[in-house]
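Chain nomenclature is as follows: A, B, C, D, E and F, assigned in order of appearance, with residue numbering initiated at 1 for each chain independently.
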């Protein structure tokens, strides 16, 4: 008989690399997580639980099976070496951009976004804007002396893209200084998604990188994460926001900060799976 | 001294069979569950945790203690034999109908509803309508080749009752084909409970079987189930819907798909207990 | 080298006793809990997880670090002796009142409030009002024959303060008799926080003790508690209510009924931490 | 149709009271537990999980079905009132002794043994000996000022039976004073079961009460308990000890300190079920 | 760039089908499980956690990397149809035998062994012996009326191979009738592995199928299973037994009854991984 | 009134720094952990659960209260910077050595030992020997390119102390190369503690650093760790080994690799607490 090796991909991401515009990969890194680690486990559990999901979205009435989609698997990181991890993410994203793909990264902690955003910036320069959903501002200049940390990642992105290019939504936790700093440097919406449609209007002709820290959601629906911040947005608010994003030219995206072991019910992983499905369909639609 | 055996019933369901109009029984079957089994544990854990509940409902200002209610215990199923399980449920429901009782079944997975609906259909024929709360359409014609499955149960019910007799609410997951098929055959409301009051108006003179798949609720309040579907209705929406049902002539009901081990906080079981209390009071009121 | 002992306090509560107006202490007692014990574990886990919290509140734009705050640690109770436990709480609260402090107690089960309210009553007599957030009325005259129980605590408080001094919000569970009794004796709002602003207006010149049974919150956001009551208020509703309380002269407060082991995600503890931060800032603002 | 109420008993304990020599009852009390409560949940979970057990013992080649056995259910305790709890246990045990039954109590914490031992002592006086398996000496004169506590229970039993009547095995934790005190007052074997056969020989013509604190077992096989003491005896050592007890005239017994929620695997409950089956068969054999 | 799909295999089982003598496959079925389901989750979690394992065995001083090994992935079963599941297992095993491979199946519940044993029997007929490690006799003729059940699987195997061909070790639970029946029909060792070396001696020139129900192990080291039976063998006893098996001509094997969710520590899965590594090395050595 | 801040120490470690010979501190680092992180949580949970422990050891008949002992608290590490973490540990250990204390470090992952061993080596040079209990050899020269890793820590210690100074016990997992390398460079005992008494004899006049990776224990008694290795030593074997160590001149020690969240029963933490108590008493005795 003829038997192939066992393939393991996110549901519907079963096409070949060359045929696929969107390329999903996992970045299982949690090395700078300060409170509760475990986002390293997210990519594999997301793949596994994605089989409890339908490929069809009743929200936007399309199906993952209508597209060619590729799942690259995970990067294999050396633990304890933050710098090398960011290089590896950068290198892969860079190669994907050279092959004219849209990188779609599954974290890991939020710091992983830096590697991918850097590659996007090097391709698109001033055209690049970032839409950022998060509970935390992530705008510290350093965290306990470290420049590269989950708590500084948007500040490091700002080092690249500069003022008024980062559009933050749902922010409800941070040091006082971060909130003050943001006034002059980023476009921050506290607590909710007010004004997202204006931003979308404004960015219609730009290249947009979307980074979703899932802790923007309320812990009632997303408790599987390192730092819990009650008072977040609802699942439906996030899904409807994602659907609006289809008006944009999204050239890269990530979904980060699921720490699946903290939610033994599996709800948080189910949320991540649906967010990934909807965001993929929104990018391609 | 005189000592009786240890009785174990849902709180307030402590009268004798002959005196009781409403008869609760458990159907601890999860044999066709495709993703995460465990609904077999629901009836016993519901009985146990019902003692954390008051018998008085502040919602409709009545008390379980104002009624005669009987708890039959659980059916004792042979594992691995789906057909026999459905027969046993049918037989018990049928006997209850012959004794002029209202069967009130606690699942178990959703397929168990078929046995009870079949008995209801054989008693009430064309008069019978079904009100169905669920996240899933459950309208596939087969599932991996099987005709009788938790994913086909409403389609099998349709085989009995025919077009326009099944009223579905809260549906937010399924294959594209199910949504298309429903257009001509069932009365489906996607995502929410819109139009429930019209349906209630419409069914005022009919016999109604109510089947509540608890996964119609959002996983934020009900994560103890096999297939999690973020984006569901709230607990208050479901409770207020149940209160409206008291205008109907309900001749049978079930509450299914609690898989209690997946929610170690006990919230999902507490939800199931309150839904059962409110639905019982709504039927009898 | 010079090394100090290891201090363990709620984040930001790191000043000395003499300098501090607000004094936090733990009352780890769950001896009358009828359904699921474990609130004894709350104070220590709250201290530990408070380090996942920022000291800055974006809600009211102030910072715990702007105040002198003291954490006394926990009372060390003899298990199985309810009367002695209440005496110990009373004695400590009484001493704090003599030193002109505001006692801020972390439960433990709700019965612990009695010791603290008694001390407040002996200082403020007729001036004292109580604002009570809870899912349960807690107005039984006895519970299984016991006068002092988590289910009777507000009734015992009423023995002290008398009619129309207790303002209850969010109540959604109890015996029918409790709801009837409250009509003539307390100011009860069922299910939600309707009318809180009127009460605040009404109490502007009084001394107010605030007792927050965290189970007033919906279990979707607060499942770590002994008796789960779906249908509660949201986190944002509670936080905005707490912010309104800053108009009052609060002379004592408690936050009770976190049973942290029942919510393994840590969400309930994160909620408790934020409620404590916001309530402390609201008292001092 | 004719339908009986739902009976819930330990497997095989399904005969009537009058026919049965051995009467099992639950004492779900954990009010003096100092470290981790939860033994209150043991009796019901033991009944539930006993259905995973065979009624036949391959160890002593007999079957529970060969005997008439009765399950009384649980005593219904007022929480927070230790004195009343002990009275209720005493009263039931006393009635059972008057009806010439052998009481077989399932705890609950170890203090519950006092009520039952007191009833046994009032029937058998000087003839009564106690065989005690435990990790803890339980010989303090008081615990944080309390005379009646899980940590003093054998000392209180000694108040009744006096010197050299208590035979302790497996003891590996306690205050230094307890170990010293035991030298003159009890027959204590540290760490293991050395000398049990001599004790059995010695007690052949006596009345024996057996109290098994399951934490005598190593936590590798029994982690579902309040105070964990690594270094205990193995399951087989306990089972073989129980089999030897069949040479004695056992007139009462208890099995205490399962706190089932701490062992989510269910192993500890399975152990408790087998210990109960083997001890019952050993008493009756 | 050139990117391959994401492969997911047991560690070291990364060669191609044609090159490999040993072929591992998963049979994620738990449809007849009577007590606690969940063995369906075993194969994937075993693959995932196998990466915490070294490929080198210090026990027999060889390395998985010294061999060509193939992981076929899992069979994709229709839930609720026991008969079809057994056919699918039989068909795959049969094809493997035709290609002259050694099937190495990962359960799933014990009933899956039947499909594989049947294929082995049809190839090797009278030469076939079975070595069976288990806590349970699995010799009932039917279980609640069902002929094919986890509790009857060795009886069904006996229907094929006949008397004195099944060698059972570690058996410590069953109905009295099973123990009696085994006297004339199987070679059963109760409780432990006494006599295994004699059996190995005796079977030196035979074809041997090895079926390891992991619940033969004591729950102290293997609690992640459906029916817990304290009193089992130790991990070292099983590993040393497996090493002895290398003297035999093993033509098929399975490792069943890991239900990983019941052991949240992951110990049971780690045990299963090591048993699989050692058994594979023992077969090939 | 006079109130002190809330002190939090390991039970019995409540004296002042200057008075104490033994100084306990926590090193909550898990940054190079490759499989399952979480050892960062160990020091605080160990302190908390130590209050379930008696201060008296019946094994060696002494009491922590007979000694002056100090708990320094935890080092406060920057996450993601392995080098800085090792420096901080080294600096503290070095200061302790200058003050003539015995450092007693609680991990954290095993890499933390390097910082402490380096300080010991700089004080004692050639006199220093290391006794190492572990499941893993930890002798790789690099791990995924990293020189400083939990998997290389003893190799890095060898860089300092050289051949025949490291005495390893209980090793049962590693790459083939590690086992081969050890033949010429360390004194390794596989699987068990054979020969420990000879080593103790041999080191009688030396300075000894003891490092206990708790995963040397079998997962049946210690499942709360990152990489599970069934087949380990028993609790009693480890305790009796620790007692023998009292014949040595121990100048530093650590106990590492408890990852408490993986063992929800708390057994692993209870084991760590007792190991710490016994090791402290053994060092001081």
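In the analysis below, contacts are C-beta pairs under 8 Å (C-beta built on N, C-alpha and C of every residue); 3 or more make two chains touch, one makes a residue touch a chain.
Computed from a predicted model, the values in this text were never measured in an experiment.
Note on D-E: its contact pairs, compared by residue number with those of B-E, A-E or A-C, agree for more than half at A-C. Interface residue usage between subunit C and subunit F, two copies of one sequence, is largely shared: over half of the residue numbers at the contact are used by both copies.
Chain centres here are means of the Cα atoms, and by that rule the chain farthest away from subunit E is C. The distance from the centre of subunit D to the centre of subunit F, with each centre set as the mean of the Cα atoms, comes to 39 Å. The mean-CA centres of subunit C and subunit E are about 56 angstrom from one another, to the nearest whole unit.
Contact of a single residue of subunit E with at least two other chains is seen at positions 218, 220-221, 264. Across the assembly, chains come into contact as A-B, A-C, A-E, A-F, B-C, B-D, B-E, C-D, C-F, D-E, D-F, E-F. Of all the residues in subunit A, the ones that touch subunit F in their complex are 30-34, 37-38, 40, 76-82, 84, 111, 143-146, 148-149, 261.
Looking at the complex, you find that subunit B touches subunit C at residues 51-52, 54, 56, 58, 63, 218, 220-221, 235-236, 239, 264-267, 270-271, 274.
The residues of subunit E lying in touch with subunit D in their complex are 35-36, 171-176, 179, 190-191, 218-221, 223-224, 227-231, 262-264. Residues of subunit E that touch subunit A in their complex: 1-9, 14, 16-17, 23, 44, 47-48, 70-74, 95-96, 98-99, 264.
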